[in-house]
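Next come two complexes built around chain A: one with chain B, the other with chain C.
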Partner chain A sequence: MRQILHNMNPSMKFLAVTVSMLVLAFFFNPWTPLLFFLSVIALQLLFSRINWKLWLLFMLPFFFGAFGYLWTTLVFGADTGGPILWSYGPIEITEQNWAHAWSLSLRVLAFSSLSLLFALTTDPVRFIQSLMQQWKLSPKLAYSLMVSYQFLPVLKAELEQIQQAHRLRGAEIDKHWWNRLLAMRRLFIPLLAGAVRKAERAAFAMEARGFTGEPRTAFYEQLTITRMDYVLTALFGIVLALCCSIEFLDF
Partner chain B sequence: MRLPVPKRTMPVCNQVFVLEDFSFCYPDTADATLNHLDVAIEEGQRVVITGPSGCGKSSLLYLLNRLYPANCDGTVSGTLDIYGKRSGYYAPGEINQTVATVFQDPDAQFCMPTVEEELAFTLENLHTPHEDMQARIDDILLMTGLEAHRHRVIQTLSGGWKQRVATACALIMEPKCLLLDEPLTHLDPLTAMEFVSWLDALQSQRKLTIIAVEHKLELWGSFFDREIALNADGCIDKDRAFAATLPIPFKKRQHTKRHDTLLTAEQLMIEKSGKQLISAVSLSLAAGQVAVVAGPNGCGKSTLLKALCGIYRPPNGTVRGDPAGYVPQSPEQLFLTKNVTDELAFSGKSSPAEMDRLMNGLFLQPIAHAHPFSISHGQKRRVAIGAMLADKRKVLLLDEPTAGQDEQALKELYELIDARAKDGCTAVIVTHDMNFAASIADSILLMKDGTLTGVFDPDALWGNDELLHEHRLLAPKGRNAYATDFA
Partner chain C sequence: MLKSWKLKEIVLMSLFGVVFGIVYLVFLHIGNFWAGIIGPLAYEWMFGIWFIVSIICMYIIRKPGAALLPETLAATIEVMLGNAVGPRLILSGIIQGLGAEAAFAMTRYRHFHVGVLMLAGALAGVFSFVYGYFLSGYAALDPSFVALMFTLRVLSGAIIAGIGGKYIADGLLATGSLRGYAIARTEKNDAGV
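Moving on, here comes the complex of A and B:
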């Protein structure tokens, strides 16, 4: 049960997440994003085995962002409609202003939690495989993404190595940010020189194994769309519809 | 438009490659890299292509598997027939099923996370039907002895295993010919020998044609049966039956070790993200001493160098003495400025007179104004050493300076280190090349699993097979030759 979000077809999941975001963008009341945010958490609690500590860590900047939206809209917002709820000196917070501020900040939370749901339950390699199989993404593009993903740790190790070498030369990390920015250039030239060489080698190795970028006729790991994928997509749809329908309710 | 089919009188089937008056030129160079080659390679042959760096060996390999000329816009003249068909008439990717390649760099030839997925990637390229894939992957894993590694993440495997995976990926295409581009460069001596005997068994079983580019022939024993030697102009110098070769004959170095100690390390310990990389390493280095650090892949040799020069600050242990300088495998990682003179002067610790002496001593005057990235590999290393010496770092730590170097470069490296040692510098060299180690080292530091097993006298060490085997090393071939020198 707690596997199904992880096992869901990545393309379908991507579709569900993207459509949800687009739809949410059209609702300006604070309740829809709030409810959606809570539903996303509920979905993850029920159907996934994500690491909640990691989730909190990733959400932290978004919580700050949401809070920033809230108070800037309250203080600097131009909406002056509706009765005044509260005032302090020149700052007047009207009912509409209040609603907008909450709507904006909750939206940040809804969008970020939804993106995290996708990111934390999807294996990037499977996602690219699925894009190739379900949406006919060209292998040329798909495998360039795949190779870059494989190269990230290699490049990170190389950057570390160059930084160490530079530190030994006495190119100390400067206190001022502009100097540090200039020093970055020194790091990137050797890094790029190495990366270009590695990229060419990888490209040769792939071509030497018969990779031409042509569409493939068969896949080893066949990713199909199962009934469960439709059920989950429908579930996303229902949750979304419920959250949105609140706009049309009268309190 | 349909290309005219060439008329051939009789297809010669047992000839894999036939080159007639074949030349190749890179787009931005005036001189041809390969000049008027006339060669025929027959089915089942084991051919090694040798020659100095830059003679076009690798280019020739890339022409045989059709990566060139399409990928480099080079120009080709003369003819190359592959299995009786003019090379130009092969569709993209077509020849790669028959002629498979294993490359030099174990880190840059995979695009998928696990061994199984990497093999599947190859089969998908060949449009193998889904039903057959499982069986073919099972077969190749069994044949190459990789069953246990099926679900392993490739990046976590050691260099030797990565090369086996690369070979398995080549063999799963069921090729008739296998091209190898210096596949042993990054392997420790015993792993290299195991790879060669493994390949030997595979070749006998599958009747493959094998063409390899290689500098270090001594690692291959009597594996090959034909040698094609290219000269620096890209012409065929020799084409002859292969004879097991002795390694490069270096002259035995006169020891220059002095009595004063330059550097001592006590109880060094390095930890990185919870993993102990080296533990309890103590050593002392004297002026004029040349020490070689040897041991299996991943035993902490590079980490030790980084700890000695202070890149890693050890949480435990101390390093005392003269500051040490570090030259990484790619010396360009050290470079900070736009020309060689500035590179040496960067720290400003040497006087103009000292700078002049260094520039002359390291033969850097002719390239004093060149950009450090645009000079040759050997020159880059000299600049890096110069920069370290100009920083008043008299202990030089060199990480794998011998990897992928030809005879000329190795001799140059030998002279370079020898000259520094005579000046009273200390050199610590990490290398897999035991022949080089035997000729240059005063002492050999053996490492295993992050610990220093001991400091050995080279001549005594080569007789101790058990100790060598434990550290995945092999005594250099013909070490008796040195023994007689001493008698």
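Moving on, here comes the complex of A and C:
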């Protein structure tokens, strides 16, 4: 039971998450995003085994972001009428303004929790595989992307090497952050130059092994869309519909 | 779109997508903390950073799609590495890439001097702003504040992505590792334009 979000077909999951976000963007009351935020957490509690500490760590910056939205909308929001709740100097906060501000900042939370649901339960390589098999992503692009993804740790090691080389030759570490920012070029250009050469070598190696980039029918790992995927997608739809229907309730 | 591309160009583009995906992610987190203090305006002046890979790749590869694809890939990498904006980022990546691509398409992929690059950065800003206007609900904000956000974003696109992108690509060209790509072949024809 607590594996099904991890096992869901990544393309379907991606579709469900993206559609939910686009729909949420049309709602301007504070309750829809709040409810959706809570439902996403509930879904994750029920159907996934994610690391909640990691979740909290990723969410933290977005709590800050949501707070930023809240107060800037209160201060800079367009006057949309309604009774004035309270005023301070030139700033007047109306009822509608208040609702808008909460809606925008809760929307940040709803979006980010939904995205984390995708990111924390999806294996990147399976996602690319699924894009290639279900959505006919060009194999040329898919395999290039997987190659590049495998280069990440190599590039990290290379960055350290470049830094050490600089230090060996007596390049001093700048004291001020703006100098360090300008010196980024000194690190970044050699890193990119190395990356370009690696890309070229990888491409030659792929071609040398007979990679033509033709669409294929057989894969190392076959990914299919199962009945469970439809059930889960429907579940997302129902949750979304429930959260949105609150807009039309009178209370 | 990829028919006319050599495999090494595709791998180069993916690799740039990956590298800049990480760069974007770092700045996304910086921007988030920053935004917690001064609100959505925090992103606007640095928005050009998120358009830069389009300009660099197009400037190097010079083929249709070289602005749209790497931007989309960078966004995809951001999502795969795990960030809290999520799959929505891929959509914004596509839209930003389309903005930059539009500028190059308008010049029929023939001119790559600094003016075109700046136009590409600015158009990426315009496209992403229109998208953000709907998705983030800027309509709820004061129009003059929205106008300020828009101006800052377009300027940032033109300067950071346009000029900054050229600066990085030219630095890369000087290392000699770009021999065999369009930028090295056509450099003489385009110089000083």
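The definition used in the following text is that the second predicted complex is superposed on the first by the 246 of 251 C-alpha atoms of A that agree within 3 Å, B and C clash if a C-alpha of one lies under 4 Å from a C-alpha of the other, contacts with A are read in each partner's own complex, and residues count from 1 in each chain.
By definition in this document, contacts are C-beta pairs under 8 Å (C-beta built on N, C-alpha and C of every residue); 3 or more make two chains touch, one makes a residue touch a chain.
Worth saying up front: this structure is predicted, and the values here are computed from it rather than measured.
For the composite obtained by overlaying on chain A, chain B and chain C can both be accommodated side by side without a clash. Note on the composite model: angle chain B-chain A-chain C, taken at the C-alpha centres, equals 70°, rounded to the nearest 10. Contact with chain B, but none with chain C, is seen for A:R216 once the two complexes are overlaid on the shared chain. When the two complexes are overlaid, the chain among chain B and chain C that reaches more residues of chain A is C. Of the two partner chains placed by superposition, chain B and chain C are both touched by A:K198. Of the two partner chains, chain B is the only one that A:V154 touches; chain C does not reach it. When the two structures are aligned on the shared chain, A:E207 is found in touch with chain B and with chain C. When both complexes are overlaid on chain A, the residue A:P190 reaches chain B and chain C alike. When the two complexes are overlaid on their common chain A, residue A:G68 makes contact with chain C while staying clear of chain B. Once both structures are overlaid on their shared chain A, chain B and chain C have a minimum Cα-Cα separation of 6 Å.
Looking at chain A, you'll find residues 147, 189-190, 193-194, 198-199, 202-204, 206-207, 211 touch chain B in one structure and chain C in the other. Across the interface of their complex, chain C is touched by residues 14, 17-18, 21-22, 25, 28, 58-59, 61-62, 64-65, 67-69, 71-73, 76-80, 100, 103-104, 107, 111-116, 118-120, 122, 124, 127, 138, 140-141, 144-145, 147-149, 151-152, 155, 185, 188-200, 202-204, 206-207, 211, 213 of chain A.
Contact residues of chain A toward chain B in the complex are 125, 143, 146-147, 150, 153-154, 161-162, 164-171, 186, 189-190, 193-194, 198-199, 201-212, 214, 216-222. Per the touch definition, chain B reaches chain A in the complex via residues 62, 65, 67, 71, 92-93, 96-97, 100-101, 103, 105, 107-113, 117, 120-130, 133, 137, 155, 166, 169-170, 173, 306, 309-311, 325-326, 328, 330, 332-336, 346-347, 373, 387, 391.
Across the complex, chain A is touched by residues 2, 5-8, 10-19, 22, 29, 32-33, 35-42, 69, 73, 76-77, 79-91, 134-137, 139-143, 145, 168, 171-172, 175, 177-178, 180 of chain C.
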